[in-house]
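Same chain, two partners: chain A is paired with chain B first, then with chain C.
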Partner chain A sequence: MKKFWALLLTVAMTLTMLVGCGGGSGEGTEAGGIDTSKTVKMGILISDATSAEALAFQNYYREYIGKQYNVELIYSDVLVDAAGEKSAVDTMITNNCKAIISFSSFDRAAQIQQCQDAGVYYAIATGTLTEEEYETYKGYEYYVGAIGPSLDVEFQTGYDMAKHYLDQGKTNFAIFGGAIPYYTEMHIYRAAGMLTAMVEAGGEGANYKGAADAGAIIGQIFADGGVDVTSIGNINIVGYVGGYDMTDAWWGAVGQMTGTAGLEVILAVGNGSDFFGTGIANTDIEIASVDAYAETYGEAMKGDSLHYLAGKFSASIGPIFVATYRAALGDPVRTAEGNALALSQGYWIATSADEFDTYYSVDSSIESPAYTKDVLDTLLTASYDDFAKFVGAYSFEEIQAMK
Partner chain B sequence: MKTGNNNILKRIIGTLAIPGIALVIALLVCSNQGVILFETQGNWILFLRATASVMLTTFALSLNLNSGRFDFSIGSIALVSSVISATICINAGLPTPAMLFISIVAGGVLGLCSGLVYVLIKLPPIIVSLGVALFYEGLAFAITDGYGVSFVANQELTSFTNSPWNYVGVIVVALIVFIFILDYTKFGYEYKALVSGQKVAVNTGINEVKNAVGCYAISGALMGVVGFLSATNSGTVQMALNFGSIGTMFTAFLPMFIGGFIGRFCNEKIGYLLGAMTTALMSLTYARLLVDSSVQQIITAVVLVLFLIYLNNENKVIELVMIKNRLKKK
Partner chain C sequence: MGKANIKKYVLNLAPAFGLVALFVAFLVLGTWKDINVAYGLKSILNQSIVVAVVATGAIFIYTLGSFDISLGASTAVSALIGAMVYNRTESIWVMLFVCIGVAVFVGLFNSVLASVFNLPVFVTTIAMLSFLNALVLLLININGTGSEIAIPAPAVVPYNTVEFKMVLLIGFFLLCVFIFSFTKIGRKQKFQGGNPLCAKLSGISEKKMAIIAFVMSGIGVGLGAFLSIIYAPTLTKNTASSVGMDVIIAIVFGGMPVSGGARSKIYAAMIGAFSMTILGQLMVMFNLNSGIGQMVKAVIFLLVVFLATSDQRGKLLPR
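Up next, the complex of A and B:
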């Protein structure tokens, strides 16, 4: 009889354990060589809680990824400096986070080193390291890598934006330089792309302050910390405003720029419609921006305050999550040489309100976003080459075809 | 009679000296660069908008600061009141005057709450206002889910920026109301008595708690207008967290010091207006000449420091001049 009760108890306990391991989305399944039954604790470093792009990214992690995968995501406060980053990383390490995904870039090098020393995986949520930085850290065991627009992609984004209007025969442009005065590389490269397209369209001998190729133009913007109001052959830059001072003087410069005689297009390296939208009301001036897919931009497009948007899609941070998740579960994705990821991704371009709506409806969905769990799960067992191919197919149509 | 005329002349010169000198310098610098300071209507709009915004902020700041209450929350009140008014007007399709009215009411209520927190908690105002600023920033963030408010394409609500006369109206009405409240009401007399000497004023039966809460409410209403001016200018209300709204307060320091100086020669409130006009002239000059923001900050800081050095050493300067005159006579 005793044996019977012992057997019954054993069966009951075994069943209880099995039931305990099951249930809940994304739990208790084996994906390739990965045991996804373990809850992975990850830290997310945040430095921006108010921009459309940051909010869209966080929404994707909070409302979709965090609910679909067996992960516990811990978010930092809004970080404002490198000291805050260090402290937040320390807190996450102390809280037994197995990996950290960072949206904060005050001191990338320190973050990577801190995580390497602590044996905690670290990934850059969006953006990339410079080539020099990558060379330094690519071999670090705990550096997962970065997926986002490379500087070449940023350059191309600016180039395509300007070319879109140059092809329409527009000749009078104003440029909003965003963070160029603070030497933010991605903004400098976007502006350089715009100027390069103008040099190419400006006719024989056209140049920007003597610079006629991409490298020289990038160097010139770095040297000046801004863009000059000048002519590039038969293309004119009739206005320029940089920075985000938001002072009366800055708004005055913004007002002056939109009121410049002959102005046809404002090319913004970042968000343009929020600053110039009211100024172009009842004019034929068009605004082109680089940002993310947010509802307000759709309204701006419908209200004729925004005409071209190169926008990041919120799910673009899905692949880096999977790479980090895999690393935390013991199966990191590395290149053939054993290095960390450094993959580039681009933007979705909308040139009409209808196009915007199509993209936005997918991008803002928390039921079926651009990268759904089913789509992302294909990366759980992907080789580096397949992973890179997946990330490289970032156009709206390509992603929709994956579903 | 001659002494009376001399006094009037002295007061006129004292009142207009600083804005006059600022105007002459701005005109000379612009002319040197081949730029006309007031070339277009847009330039007037910038000048008047900056004057209105800075004047109202100066009123709001000085109202509490003159009583020793440092209020860091005024920027956050402007933020929340504009979020509330813009959200209501967008959703209900209300016109611009309604947005202005809602902003003033919302600002007044927020200021009132801030004042009540101060008198109930009884902590130093500098600490209370920091907490209130953080709370209001978070409130604005929560109301908008962090996205802020955008009505760039709403031509009705952004139409306020089209005419300089709208800003002239704001300046005139605000100045008259502020002078009336502080110079011609019981509240104003009590306020002045409390500023002059709180203990004596309280002993005479003035309720300092009621007066302080009133000051916070008026200050909040004024900041409601500032929030309205800022929101209608850009068509957006951008979020601020971690004391990001505090910067608004600092725009009022230079005009407040200038206004305090000019106040020796005329009504202090008119001094604040002239102080605001002086800083607005500086802003317009920066915009017309596309002065780099770092250079702007340096110039503004140098002007502020020089002015404070002068104010702190005024007696010594006057003494030096007198000694020099005596020596010359000898």
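Up next, the complex of A and C:
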């Protein structure tokens, strides 16, 4: 009898979990020529469930977009490799998802091809394709496109970050290279921007390992897979750490870099405060990072372990959602030539805790985020040019003015 | 057939009934939820096949009452070396043989190491896991691309088909069934797993059985590595990272006693691998996020193991 009750209890628990699922979505209406009354099933590919940036993005979709629009969002497990990515896309196609928005980038080309073959719309939530990749896939009917910082914007972000400190007269820098050893382009371009600013500020004849212009510097970083500790005219790079190995040796290098004599500023191509914040405690060293608006960075700024943040705002993924939603409803946004979207968007820069708080209060709101439904709804009927103009007006002030 | 025998028979086949029930549920609920059932079946094959092949080979090790924790890492290393060889030879068949060769070598190294140091096999596989994980990073660094080793997608497209995969899966499964159920090797392995001392006194060589088990497991790992490349030709440090744990779950889910011995079943891995995948598909069908999905899977896992072992509890010789 005991066995029977144990079995019954187990079955009851399982059924309760299965039945207890489900989700609501917004009411559908007519928006311009688009019929939004039918619920659109969309898949979201997730590859990171821990970083501040990833959590902020996912929170915007889960807590705002998913509740405001007539959509059923199906989230993948946290993906860790290309095979998992492909399996997740397969599962979403099986479940009749009309579109997939991907935060995962282990093999973008395979995802685009898989969706094209299955007739499912595909969009990149964060990041962009390389020019070569875009040329290959821009004509694909089911490739919606990407909206995110272009490589030019990434370069400029690194440049502005370094220039901010160079203008203050700082001369001794360390660089955290993030994913440069893995040849991640956006990190290479950010570092190249930093080095270019240093070359310009380094005095006559200053160069980085013989490279004096942006193109040559980018090529040099690609060739080395890192940044050298060297002098650029009268500007010094006194330390460099790359990768995310998190091994004892790597942490040793991190500790060694923060202890370098004369170091004034650590320029990080990604998140710097989490790795170097402890090491600079009770020193005058400043840290500049590129990431997203998340609570931890506000605390870091107040705690004097982060001093400059070029951060993505979570609602920046709103426009690509609308583009994908439109495509799934039969009204894709295409360029005049009929190609997929490749629009660039930049960062919000905070150089103080107060500035951070101003941005973060808007960015973290699930009642009135940076891009509210009313604001995004203007894109439902927008032409490509209007769409591009909307995306291009990404500064905090411009977005607030839209409301 | 007595009532006790019928109960034993039914409980013995509980995992198979479970698979059928899950499959029927997938078809019925899938039709009700208006999913693409045909695409789903293909997807289930794609998502199950690597674990099914690796786990079927690993049954030989589990039958001995042993355990290999390094199967996932071995799959990753075999796949990476296979891909590197492909990029030099541009031959898919050379890549296949290299994948199998590397995996068999790793398996043999495990068993020989255990023999030389007279250690339990699972102890050497723990050391091997650490070594292989380091080797994965080293291979990717050596290759010079930073974070991945990839082969051109068009090279694998002709082989990434249901027909080709089914031929490999069925062929390997039949080979394992033949060796396990129709030769002395299988009987000796069950004997050894059930009672090592009696087996030794009966003249069965423990080392020989271990070597055969690791060779069979190596072939499974090699095929799994090859199928991993065929499915997703971009390999990273996380390639096959979940395979090791999935193999253990599949084997237990399929009704295989972890203690090995006479009740070992060669088909357990296949049943377990497909059951797990179908269960995963059902979770997605109901839009259960991964957290709740994992909990539901855990409960069902316990249910299956509870049923599969219910006729053994309280007995003096569980094997």
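Note that the second predicted complex is superposed on the first by the 377 of 403 C-alpha atoms of A that agree within 3 Å, B and C clash if a C-alpha of one lies under 4 Å from a C-alpha of the other, contacts with A are read in each partner's own complex, and residues count from 1 in each chain.
Convention: a contact is a pair of C-beta atoms (placed from the backbone, for glycine too) under 8 Å apart; a residue touches a chain by one contact, two chains touch by 3 or more.
What you see is a predicted model; the values in this text were computed from it and never measured.
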- Query: Counting only touches as set out at the top, which of chain B and chain C does A:Asp160 meet: first, second, both, neither?
  - Reply: neither
- Message: Looking at A:Pro181 after the superposition, I want to know if it touches chain B, chain C, both of them or none. Which is it: first, second, both, neither?
- Response: both
- Task: Scan A:Asn95 for contacts with chain B and chain C and give back first, second, both or neither.
- Result: second
- Which partner, once the models are overlaid, touches more of chain A's residues, chain C or chain B? C
- Message: One more residue to check, A:Trp250. First (chain B), second (chain C), both or neither?
- Response: first
- Query: When the two structures are overlaid on chain A, which partner does A:Asp377 contact: first (chain B), second (chain C), both, or neither?
  - Reply: neither
- Query: Counting only touches as set out at the top, which of chain B and chain C does A:Val80 meet: first, second, both, neither?
  - Reply: both
- So which positions on chain A get touched by both chain B and chain C? 78, 80, 181
- Item | chain C contact footprint on chain A (complex, rising order) | 3, 6-7, 10-11, 13-14, 17-18, 21-23, 72, 74-78, 80-87, 90-96, 106-107, 109-110, 113, 118, 179, 181-184, 225
- Note on the structure: Listed in rising order, chain A residues that touch chain B in their complex are 49-50, 52, 55, 78, 80, 181, 243, 245-253, 255-256, 259, 273-275, 277-278, 281-282, 294-296, 299-300, 302-305
- Which residues, counting only chain B, touch chain A once they are in their complex? 40, 42-43, 45-46, 49-50, 53-54, 141, 145-148, 150, 152-155, 158, 161, 233-236, 238-242, 251, 279-280, 282-284, 286-288, 290-293, 296
- Touching chain A in the complex, chain C uses residues 33-37, 39-40, 42-43, 46-47, 50, 145-148, 150, 153, 228, 231-236, 238-242, 280-281, 284-290, 292-293, 295-296, 299-300, 302-303, 306-307, 310
